[in-house]
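Heads up, the next two complexes both have chain A, just with different partners, chain B and then chain C.
And now, the complex of A and B:
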């Protein structure tokens, strides 16, 4: 069975739930399309389809019940054995810009969510400006 | 008479303080035309009166100058930040080089205002322009907006930086019309000509002059030590000579000799020359660099510039936070941008009102604004096919 919803939309929704960043923040990285393609390229067709079918079910069954959605994600997606650990790979992808040990894109390092999560910036990129270290955080 | 004026108006094609920088406007007269006519023996009663006649007029116009310089920055930044990461390197470099000079000009105008006892007002809602709109002090002949990088937006930038029409052939009556009685200015160069003439006039007619020789007033100047990141020379203003130097820096960087620029055969280009904004934008539009022997008339004939007009975020033109109300996460980000922008204006206000060291603190905010702006341009605006963008609205 094919998911009813465009998997790209499901990818956005599940990414929000898996990363804890809202959709504006995820789009803001400019990496959404790149990561979606990386996901497609690195996932077997069958696994990809089953995963998003499950995602769609979880979202539909628990509409407007964030607690239940989180529980369902934990029990049905987050086990390393579930869909070859795809949910974990998606989290790693958003936070580090890597798929496994492979760098996905030149921008991936700069745009990793890890920097925002740690409230810092990627060294060597996105510098906060000369002398900024002498001032209290904004 | 014309001999005397011609001596003053013609000279080298580079600026006196910087032989590398193209001097595209004729040097401002060392004395006002009114004085020159007097030198030639004209009756005083026939002399044209300058548009700017009082110290208050002058302060008001210099405040407008600060607003004018600032008003060009958001449009340039939108074009710059709409360029997709890693593409259009030349275009990005050119636009960025212009933006940093506009920032410099804003501070130079504030320095002049401070030197004559004025107080620049930068942290008010009224200071922030509404886009699309006219440039402050302009003759309202064209509209400026917040738009993505495109041929159309570069075309507007060329209008902003357009060279002044030449001074008429030094006919007092025509000069009076052009310089002293126009309700608005066709070009930025004209506006500064009027300001410079106003400075000369008011300074001459004020006992002791208008430049305040007081350490407390001098301390309000932003000097080179407070200014980071180049874009030209900061000129602290303590005297009329400094004011003239500051205005020449502003006008010289901006625009061309006069509106005969397209017809001029002057050889203005070369590897060692820093071109005025008008020509830098024109290189982009023509997708070609100026070569050594080019003239304004010939246009650029040098190496081609690769401009990828497609590698651009499809930012909605002139966005408002109101447009984002159905996308709360986006709205939050857009407001964060506006809060940072307003905070930056506040820092610059302080820097231009006695705390020049505050300018350094603005740098972190400028970087923050850059990152937030590029983030906004990556966020789709519903299903419109367009992207969000910074709205540059006042948000205290």
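And now, the complex of A and C:
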């Protein structure tokens, strides 16, 4: 039940597909390793392995067919019953820096992608400067 | 045990205590502050101030619920009132966790911070003056009570408060109902130019300023104005004062002229916090200290004349049975805030000031059987009842940027309607739906639950979060004797001090305002093409109320007011117009507890003006 590919690479690939942010954007958060560890620490070994096995299959079966990959993600990963909701937890982690209701660490909060998606910044960090709020975001 | 004698002993290092300590020490008086919080938090400069503040910021980043008290230490020996703990006590059951014991029928929903600097560490910083009619509600509208002092009396002290806090604002914008041309002095300007209003304010004002709305068969024309606030912007070169001094011969405090105003930067260096940088986290913490906090005032005290004793939780004042004067203040000094071990100590001075915030002041007085000839101690507890309405704007407004609020609608702050229902102010909120529904985190979880992921999710978040509009309707609560703080030996904290027991409710005069405010909100939303998403939940909202069959939810504003009010005689009030206890001529009370009514402005500017007035009265008496 071990996936062929290093799960770390699979984690990156599936994170891109789940979050809608590309590799460069995800790496730019500086959180990749922290999140990978958080994922390992918070997921049972078996569930972790099954999940990445499935991820690997989905990617292999649908190479270069983004529509099909998305359909497969919807039906095989995004169901709340699939892998204990792990896909959702991964999205939450990238978007908010939380695992469940807990903040993974202070930097995770600061690097939450939800703020980028909403064209703003996390309250209390990455401040955009005096008066910036009186104009539309860049 | 303690033998040293001070001119003045002050309880609390919040804004009221700090303003008095600064003014008195600079006039040469020896002052002791007793402060319940930790020593680290009292650092006023350099590395020590920087380090403790960075700790607060880290704690804030790591907090799952980023509520007002989240950055600051919660001390077992000196617990803070916390918005995460506003459950009502159920008869026959173990009291829920929290410093307050809430007897209801509604839970009191505001908090404050026990620690150096007090609640200004996490306040928002809105600094509006009260209106002249707010001081004479009984005479003009036959409601509530009059104050024993007028707006005119307080006006010079307002100017001191605006200097002390460092207010940014534009006087020209400040048109409020019911004020005359001399509301501000001739040519008066605020120390700093106004904080830029948000992009969203601009869009909403376009369709709301001058909008005609109808409520209870009357038509009102709304206006949208910039909000004065205690955060740094660009100094106004026409502002000509730098400090507040005690004029010994005239026995008065006054503003001292200066060539220019210098904004007050962070405690730790002069190059941080000179201007607001748009961190959008003023509540609970401004990372650069561009926002005012009380430690900035304490830093300006004359250190030679000031001692601060931290970890010192006041439990009782001691009164000479014969002459009714205060003889000392008893406090418990803990070593470790998590352990009950402590030393009992007494502080002595010529004059005493309680500045521990409204609920705590009342509690200490009750525990001491002091100042209560009128039976008003603890009564008339008030807050602004914040009814929120929220919706999605057709046009993207890009919230979650800038200070919490930069524009308000003052139209219902005063008027004939106050004979029928309470007045309110409507700040336009810059932080989306974060307060009522914990956006944008809740938007992410909802989207995931709906199966959204990838680009569709990113787009969805962008579409939804950038359109979130939130309006506040902050309703003035009337003083009512049954809304009160009491004590009960059954409820004590880890040090054996009384916990405040709260009885709280709201009556029709305010409920009518919720109805009227919702009608106004509907018309604002319609004019702005905002789809209403407001939900008041009878099951999950702690302060859900029903009026004429309609449900409304209000939230606490953090404006804890009225528990030891000022009045005309020793039978109707706890303190006189000088804010001295009627019963004890060497005991002054400071803070929002002295305010007989609340008005529609956030109370701290008025309370700071009152604190300068207290300092002046003490200097006259010493």
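Observations, loosely collected:
The rule we apply is simple: the second predicted complex is superposed on the first by the 134 of 138 C-alpha atoms of A that agree within 3 Å, B and C clash if a C-alpha of one lies under 4 Å from a C-alpha of the other, contacts with A are read in each partner's own complex, and residues count from 1 in each chain.
The working rule: a residue touches a chain if its C-beta (ideal position, glycine included) is under 8 Å from a C-beta of that chain, and two chains touch if they have at least 3 such contacts.
Please read all numbers here as calculations on a predicted model, not as lab measurements.
Overlaying the two complexes via chain A leaves chain B and chain C side by side, clear of any clash. When the two complexes are superposed, the chain touching more residues of chain A, out of chain B and chain C, is C. Once chain A of one complex is fitted onto chain A of the other, the partner contacts of A:135 extend to both chain B and chain C.
Residue contacts after overlaying the shared chain place A:44 against neither chain B nor chain C. When both complexes are overlaid on chain A, the residue A:127 reaches chain B and chain C alike. In the superposition on chain A, contact of A:25 is made with chain B only, not with chain C.
Measuring from the middle, so to speak, at the Cα centre of chain A, the directions to chain B and chain C differ by 70 degrees in steps of 10. In the superposed model, A:106 makes contact with both chain B and chain C. Of all Cα pairs linking chain B with chain C in the superposition, the shortest spans 6 Å.
106-107, 127-132, 135 are the residues of chain A that lie in the contact sets of both chain B and chain C, per the superposition on chain A. Those residues of chain B that touch chain A in the shared complex are 85-86, 228, 327, 329-330, 332-333, 340, 360-361, 363-368, 371, 374-376, 378-380. The residues of chain A lying in touch with chain B in their complex are 22-25, 27-30, 32, 106-107, 126-132, 135, 138. Residues of chain A that touch chain C in their complex: 17-21, 70, 73-74, 78, 80, 87-88, 91-92, 95-96, 98, 101-103, 105-107, 109-110, 114-115, 117-121, 123-125, 127-137.
Taken together, the chain C residues at the contact with chain A in this complex read 57-58, 60-64, 66, 196-199, 202, 233, 275-281, 285, 287-288, 396, 398-403, 406, 430-431, 440-441, 443-445, 448-449, 451, 453-459, 461-462, 465-466.
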